[in-house]
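Pasting the structures in now, so scroll down.
One chain, chain A, links the two complexes that follow: it is found with chain B in the first and with chain C in the second.
On to the complex of A and B.
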């Protein structure tokens, strides 16, 4: 497995320095009397200070598991087997629960989908924003309320003074999503993880919310890991794009480079699906890999790959640098653009 | 105000609901074998005497006639007379219902104090001793009969250790009871400023209250634990954890969101215990409403039974109204 930017010594806050550095991360979910399910495999990923990195993959590819692992909040019975997670120079795996609690919501904030089921139905939304501010900043009730109101204004909620007292069920999906953004940004975190945050919204609302998120993140010089199923969104949103397949990064490149020169067959497939090109899409229906044992030796994507060769079944490809400027791909036979 | 409209609509339905309840219970009570006139007059009564007494009690003619007579009396506030106590049923119940309510209310309050903290702790600390203890407690409380526990407590604390008063009613015979105002002895003692009576009343309440509380804390604990466990795994709480809210805030949030099911189980227990505490009432010679009704059933004394059903029905309706008001208070989604 190739080392990705682990050479840079993390230095808090400085621009261009590594904010989040994940190396060799393995997360698995034990299954009763069977092999554990490996949700994240030997994953290397780094996000520099002020950078937005997109993480694209289908459902079940380990995107959310990765986000939870970073927060130290894996769902039971998931566990981190090996690997390191460095955040802002701190080894997240070595921190105590209370130390993590102090970082969550303060330094790393999460923007989540389905805000209607995740906001507290019994508390006015303004108070929920203020509660997070009060939990992390040394401020009084009045000051926290004022901050919450400012955040509601910052996320462009109409009539913020009235909405401050509104309950989540009184808000539309788009507005609830803005409240969640207000909650995540109220403490001016260094790092935001957006986990499929806009998947529940109408396309037009989605575009507004995303625009706002990007503006706010850029304004505060916050780094972001932007997790999505929609490869199209990453094009005008992210500095770099990583593609994850069955817990493995299969391609990682600068956004422009990725869209111009995708090299992994799976990336091509994602882009084709996004572009509604049926000629490529029709070849999606291939069986999934037969067993985990076999998958350990073979390329995980081989069973679905249109360019599958014998070698793909025999040897698991490493993530290697190809095509210049930090374009990483995990494939024996990277695709090339036909002129 | 939506809440006022809601309460108004509830009151509209109370009349028809009560009529239905009275009709059904009247018919059911009539199915109990035994002729009250025969029971009252004894084995040597003549046919004529029996017929006369039945007419006097409004128990002649078809069942519909009898029901009509009962309803007419009821509207005038006359629930009939119990031939066992020879007193109007209303007067009897006015003493006995508060006796039961005092017992049941205090028991449930204590049961809440036991069940909720244990349930919350067992849900939060999944691999702790508290969780083990709660599991066994729930099992035991569900399987032990309450009257048996009452007898054990009497044996331990009255017979052996002699710290509890004799299980003979609500107050010492030697103590002058306070002037009856509400017939709740605690309240009446306070009104009268009769501290001796208050002390004696509280002393007599301890064992039966503990008995009922220990048993009924079981379902409250189970309900709290189950709802809390579900709540702690919910998106809501996971998000609260992601926001790094303090542990105490997270637990309080989960509990507040679990509260509706706890309120529900308490209201169900309350309605149930009005009659369901009867075995404990008998063990402690409490003279409560449940005991009164059971005596009525056993002796074909139908007026106490009907009176008890009516009182319980009204009480249940009040409890359910209160429960709805509590839901209104805690959940903004219902308030709308």
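On to the complex of A and C.
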């Protein structure tokens, strides 16, 4: 592909404008003497300015691979086969490593779980926040330190002046996660990718961190891709919800619409996992033992699907609009609500 | 109902090297678990729930208090490792992958407790197959290695290894928190079925409140090494009395955007350090209802209903009008409606 001149779209960042646009993305990991593993398949996903999009999937569904592909940080030997990633009007795949480095941390930031492993154990946390600000913004040490202190206040760290000099091991898990958030947000990025960032936290701390994250996102009109295994969080935190299964988006809808009227059998099964009535739950869920060793069906979900028909083995379903309200679903036989 | 396990005034302090202060992990915990019953310990990390589980098994020596198994004490000489109790108490771990030896075949892993009890080889093999079927593992799986199994199947192996000796009590320490929601639901159903078949008592340690509501008979809410509220699961989840329980329960995010959590209690901040415990109620620093009495005196246990106790001075006034929290039950009603859906 020829190097594309990076063009800045007019009025970048205006509300409602597309901030991130992924089209036809394919990511695979080559395997020795075997077919490559396709981690992300023909994936289309867009996030508008000021919007929080939730991406829900089980482990191994390709969520993290997608996040890393967007950041240009795929782990070896993963590679993007085809597709485009437009961020804020720029073609991310055409940028050089140096150009990407200028964007990462400045315009796109990533929040990941295990805050302690992300922080440098030998540097006070305030200095770590300031270092990111100095790397991207043309400011001096004193100004960067002041920004870092402001960020510690913004993420509600108690006693921020003292904690500025604290080392990561002196902080609790919840506080360390907030420091990681402060690092991500110190340059007021246009886009934040959160990869399972709250999964290790206690529910009370998780509730605080989510409230805080939403406030910060709203205040700065930041967009966000919120990746999680927990469909429960997306109900209360996201504007739209996408469900990913084996690297494919199988459903994408406004949050209220998604939970009111989930249409893909896999989405319903994810919701059913929270139900306490086993009979009802098993109506949507095939036990794992019966679904082993059944790859290569036309619909990737067919082996686990309770609604499987011959057509599901013959023709791969497209992501299509159903029932209006921009509700997309990839299924030949979508679910209909009876009530 | 006779109690399988009784814990009376359990205290566990860990010394800190080079310091005279101690980590006060458990500060006077009392409860009992009956045959065929599940008692859950819930609380944030650092509340001491895992330490209680390890003391119960005799894996660590308690500082004070008494632990009884069928009325006889568990202590340094009589514990999960001693010949008398070996096999009668069992444990299921949080990380299934890490609790299985990667180089040992599944069948041998499940047989291991029997080997240490001196069961003959043919008997071992027969018993392992029986147990594997019971937890939903195929016979062919017994020849496989842990890395060949999914996390849900690995946890089935962990459970099979625990029930292979037909124990009277199993301590389950966060057995589902490393699993995806669908695998988690399967494991929970399995645990419930096994308990009905085998009448095993479970001490279930978890911070996953949705799971706890589903599987427990009784629930003890722990905070900084103390039980602050104890009651039946139904009662405690629908009428929590302690401000901490209310805050904890309302922090759970269930997948239904219409069920907004409106909490009467906003738990600010985080759990304090167990090294310098505050005087008075341990929650006073985070509790919106705390007054001078709360900050100076430790609240006594108050019985509010049959089998429902609360340690709080304020629970009668502060939460009046906010008593019913039907969030979890409402969610189930909504979920039933939704899941009754059919195919288009």
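Definition applied: the second predicted complex is superposed on the first by the 306 of 339 C-alpha atoms of A that agree within 3 Å, B and C clash if a C-alpha of one lies under 4 Å from a C-alpha of the other, contacts with A are read in each partner's own complex, and residues count from 1 in each chain.
What we mean here is this: a contact is a pair of C-beta atoms (placed from the backbone, for glycine too) under 8 Å apart; a residue touches a chain by one contact, two chains touch by 3 or more.
Just so it is clear, the model here is predicted, and its values are computed rather than measured.
Engineer: For A:117, decide between first (touching chain B), second (touching chain C), both and neither.
Structural biologist: Only chain B; A:117 stays clear of chain C.
Engineer: Mind working out whether A:183 is in touch with chain B, chain C, both or neither, as first, second, both or neither?
Structural biologist: first
Engineer: Give one of first, second, both or neither to describe whether A:101 is in contact with chain B, with chain C, with both, or with none.
Structural biologist: first
Engineer: By the touch definition at the top of the document, which applies to A:203: first (chain B), second (chain C), both, or neither?
Structural biologist: After superposition on chain A, A:203 lies in contact with chain C alone.
Engineer: Between chain B (first) and chain C (second), which does A:131 come into contact with in this model arrangement: first, second, both, or neither?
Structural biologist: Only chain B is touched by A:131; chain C is not.
Engineer: Once the structures are superposed on A, label A:334 by its partner contacts, choosing first (chain B), second (chain C), both or neither.
Structural biologist: second
Engineer: Just to be sure I read the superposition right, which of the two partners does A:175 touch: chain B = first, chain C = second, or both, or neither?
Structural biologist: Touch status of A:175: second partner only.
Engineer: Would you mind listing the overlap between the chain B footprint and the chain C footprint on chain A?
Structural biologist: Touching chain B and chain C on chain A: no residues.
Engineer: In their complex, what parts of chain B are in touch with chain A?
Structural biologist: By the definition above, chain B touches chain A via 234-236, 238-247, 249, 253, 256-257, 330-333.
Engineer: For a test of understanding, state which residues of chain A touch chain C in their complex under the given definition.
Structural biologist: Touch list, chain A to chain C: 58-59, 158, 172-175, 202-207, 229-237, 255-256, 259, 262-263, 268-278, 280-281, 283-285, 287-289, 307, 333-339.
Engineer: Quick one: in the complex, what on chain A touches chain B?
Structural biologist: For this pair, the touching residues of chain A are 71, 73, 75, 100-106, 109-110, 112, 114, 117-122, 131-132, 135-136, 167, 169, 183-184.
Engineer: Show which residues of chain C lie in contact with chain A when the two form their complex.
Structural biologist: By the definition above, chain C touches chain A via 44-45, 136, 138, 150-153, 180-186, 189, 207, 209-210, 213-214, 247-248, 251-258, 260-261, 267, 269-271, 331-332, 335-344.
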